[in-house]
């Protein structure tokens, strides 16, 4: 925390309680499991499955997040070794391999491995995987079948192309697909738990979830201001509230409202996230180097403000769902909006890259970015696949340059802060250059 | 008059100059549609008189252009295919159909559409499970596909024509199975290398032409006298193999590849399409449920609240046991291109299954590059030494 | 009249330059870096001052760069070598839009604009087989002076193909080729081709734009230049003292900094 | 290195010779072979069967058969340690891990691409330090505070090591750091095989007691080293040769020898 003391970034006070939610989640999981409450391991299903589990009183644990935790605590190498030994190719997702190794150890010992960070993840009764965005999500959970006798439910999510999404009837059959999927899932859960869904509870939970995301969306809208009032570091610290909703959602809604007030106050009073002049406004993709976040403080000292980041961790643009009475349809429409909300604009712009590239073109303009910092990860295809495309689109359409700094999610040594800083220094020149180019081409904000 | 070569000689010709024939057809006014992987529904193309042409990469050509829009840590097969596209080698295609096979396949679809902008392009967002809802969705997606095809060709896709196309493709599948039966004797009548060349040729021709060629090949192979020698019999499983280099290397080390579970082989051709009242039902079912590629998630008994690992393996992989028995296999080569998550996660499970039925196996990971195959030689050779 | 100093402490060679107003080069010098970067920086400074006939106080601003920049106690500022290299290149070749910089430990490809500002760049991995070091190693086993490897390799008619991508194994391979009676020029030409193809993979990552210059120690080598030109199908801009480019750029940046450009 | 083992019909070793491989595999293989014959007091014609293995196995003109080093190593290791489950072999050209079950090779991993992570790493750096390979082990055992080698590349690690020397860091700490660097690279690779005892460590590098020590530390388990770790592959090849010969004889078949061409045998005159 020594970096914090120097105050290179003005952290939001309201971020801390949101960040604490994550720690509480791990503690809560363990306690709940001791109290005999069932646990499901979930892949980030992006708003689809988690509320349903909550409504059925099932605790959710997020192995993907736990991968980051293990990496940060230095516990990952032992788990990775174990999964390598079990024959899983090493080029695959580090979080997945971490989880496979962890699970193998847990099943060998018959209990949570001693020394597991944050108390470990309790044994699940269900694996809720997702067909969304990432192949590792469902293949990883399928592979866990080797150790766990828990059933795997793969939650479907349509991922249409921009043009295909506009074929007549496509919108509705995609929604219909999601609703049918969710319904089948509820039926399955009812059988698994031998109890009935409490639809009223679900209804309320979904409204809370939607409201929480609306506030969260509004907070991020405020970041378009110059100087930007909130740094990506604060975003990353508080995003877990919406991605891994834990505890009472009403509490989270309240925390986000407080955050909104603080950010609003800053905007009204022209207070930026940097104590010094904001020289460069940056866009960040995708997962940050969790272990080297101090790197962002070093950049902050040079006047780099990170004003917006990965669209997939951002909430959808709000749409009116009050007239949709079926709660499952409400989640479906909410989630589909998150995926395809920008498709009409993408279509008009002729950007077939869809959700993987187009949101960044909008962000870069709306948040007036000077450059993008891309962080390809050796073992996370999903966070890497589209980066070259984004780099190319940003340059072609908006003359915004990108700096590429390699790293990994578990092999923390791959990110070299010294080298990264050397590149960053050079990149300032590149950003200056393109500022001029944009001005010449009438693109400058 | 130039005599058309026949049978395997013609296969070799096509293999070495894949696009020659479709370019002729194109010059004669036909439209050629490229497709990736095994999920685009070919019958719908055939029914509209479009010539399906499978898009492959090239293991012999260094990837230079694709790196500007795909990172190097993804499947080199897809990178290579896109690279060829960006180099203009697929410019003769009138359209391209891609499906959501894997994530990088999906991303590449959009990149292809954006950068190569073919006159026709369609992406089928094939579901990831075989849930009832997914099957229904798949049919809806095929209807979407139908709409864009009709718009492109200006013709209507009639159920009658679709049924004829299904029959023609089923015919091809039956012939391929017949050819594969000729690999059952010891020694097999046709080598793995030749078989792959036949498969590649079929994927480069209109279906009826392919059927004719297949009949010639089968007759020729049946009449062989001085064929192959008895050697260790292998099955090969895994990600795409569209070039004979790997197979040739393995067979050159003293083995006969007698069976495969890859998508330029049995995985593509074995399941038939059932002729249902609405032909789209049979197609939607076959292409989602019957195709056995690890990109589709399946569990032992769908919706079952209990799980049993071995039963799960058995329901997913028992066809491999059948193959091994019928083709009298001594060992299995599991192979995957590097960075293929779909196959990577599957490997330990397939291995567990093969162990459980007492079939030795080895896993090879390669870079989809002919030059980089050399280090695998020793591994394969040692494996052969161990199992024989 | 003001003078500016640029010091580039490389992994192999340390280079220095003094410029005066208007970016004119007045003195330069090269020394092997050795193990003690601090000492070599001092000696370099003394030698440069002597050559320019200046006293230390007459230097208005000094910029240090390169692998050992942190060891230059007398510098006013440190700047990333990529920027210095771009600036140095641009001062000699204003038309250059790409520069390939081949150093002893790694290589980098830089894209730049008409003012010598970096518009894009890539840096290679730290593997000897992708840097100038590979050439040193092979020159050493063939017992050829580094200065001669370029000219000699140009005589080759049948360059060998290296089967390994590792400099250490490459060294053994070169030795066995010698034993097989293969000529030294064919081996050298082979090394140049091997390095050129590694570099071209690097170039592909940022895209090549003409005009393209070469800098760093690799630019001293006509054989490597030829192989690169063949591989890329273009003609490279070769500065008179390629190794010095980064130091020159550092001195130019010193002038810019001092003038607040 | 080139090694030759001559074995009698009962599995007894009559000769065991090692020589450098050097640039000219062919001639040297002949020379080492000659020496071995001398040691065993045999003529070449008296050898029933010759198997060549290893990286240069195709360059042995007088062999009846070539078999990969993986199979030969496994055979050799099993003959010495029947309970072996994992064999780690680090030679000068490559490093490999073998997984063995009931005496049979069932899986393996290998690196022959990057010299870091093979014995060559130590050769190169020992030469730079002016230390003999044989001495590395003893030296490193004295270390109390091993350094961390930050460069992966052999060449740059060599440079790094020299700078440590000039900074006055004790030689033993540097050497111990080197042993740790090479061991952790190899172990990382071998872990894929799921390590279970007995673990046997062979190859020239296993002669280095410091690496053996680092290996134990890295694996967290006991490591067995044969008395002559260099010869494991050659012993395995000899055993396979013996088995082939005896197998053929018991079935009354001719020994499946290659025609030994005369001009090659004249090398031995």
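Think of it as A, B, C and D in the order they're written, each chain with its own count starting at 1.
To be clear about the criterion, contacts are C-beta pairs under 8 Å (C-beta built on N, C-alpha and C of every residue); 3 or more make two chains touch, one makes a residue touch a chain.
Being a predicted model, the structure only gives us computed values, none of them experimental.
Participant: Which chains share more C-beta contacts than any other pair?
Facilitator: A-B
Participant: How many angstrom lie between the CA centroids of subunit B and subunit C, rounded to a whole number?
Facilitator: Comparing mean C-alpha positions, subunit C is 48 Å from subunit B.
Participant: Centroid of subunit A to centroid of subunit C, CA atoms only: how many Å?
Facilitator: 42
Participant: Based only on mean CA positions, could you tell me how far subunit A sits from subunit B in angstrom?
Facilitator: 35
Participant: By residue number and range, which residues of subunit B touch two or more other chains?
Facilitator: In subunit B, the residues touching two or more other chains are 67-68.
Participant: Which residue numbers or ranges of subunit A touch two or more of the other chains?
Facilitator: Residues 86-87.
Participant: I need the residues of subunit D touching at least two other chains; which ones are they?
Facilitator: If we look for residues of subunit D contacting two or more partner chains, we find 113.
Participant: Touch graph across the chains, line, ring, star, complete or other?
Facilitator: complete
Participant: Give the list of subunit A residues in touch with subunit C in this complex.
Facilitator: 401, 419, 422-423, 425-427, 429-430, 432-434
Participant: Under the touch definition given earlier, write down the residues of subunit C that touch subunit D in their complex.
Facilitator: 11, 35-36, 105, 126-128, 133, 137, 164-169, 172, 175-176, 178-180
Participant: If you look only at subunit D, which of its residues touch subunit C in the complex?
Facilitator: Going through subunit D, the ones touching subunit C are 22-24, 93, 113-115, 120-121, 124, 151-156, 159, 162-163, 166.
Participant: Within their complex, state which residues of subunit A touch subunit B.
Facilitator: 86-89, 91-93, 96, 129, 131, 133-136, 138-140, 142-143, 145-146, 148-152, 154, 156, 158-164, 167-170, 173-174, 176-177, 180-181, 184, 187-188, 191-192, 351-354, 356-357, 376, 378, 381-382, 384-389, 392
Participant: Which positions of subunit B touch subunit C when the two form their complex?
Facilitator: Where subunit B meets subunit C, its residues are 64-65, 67-68.
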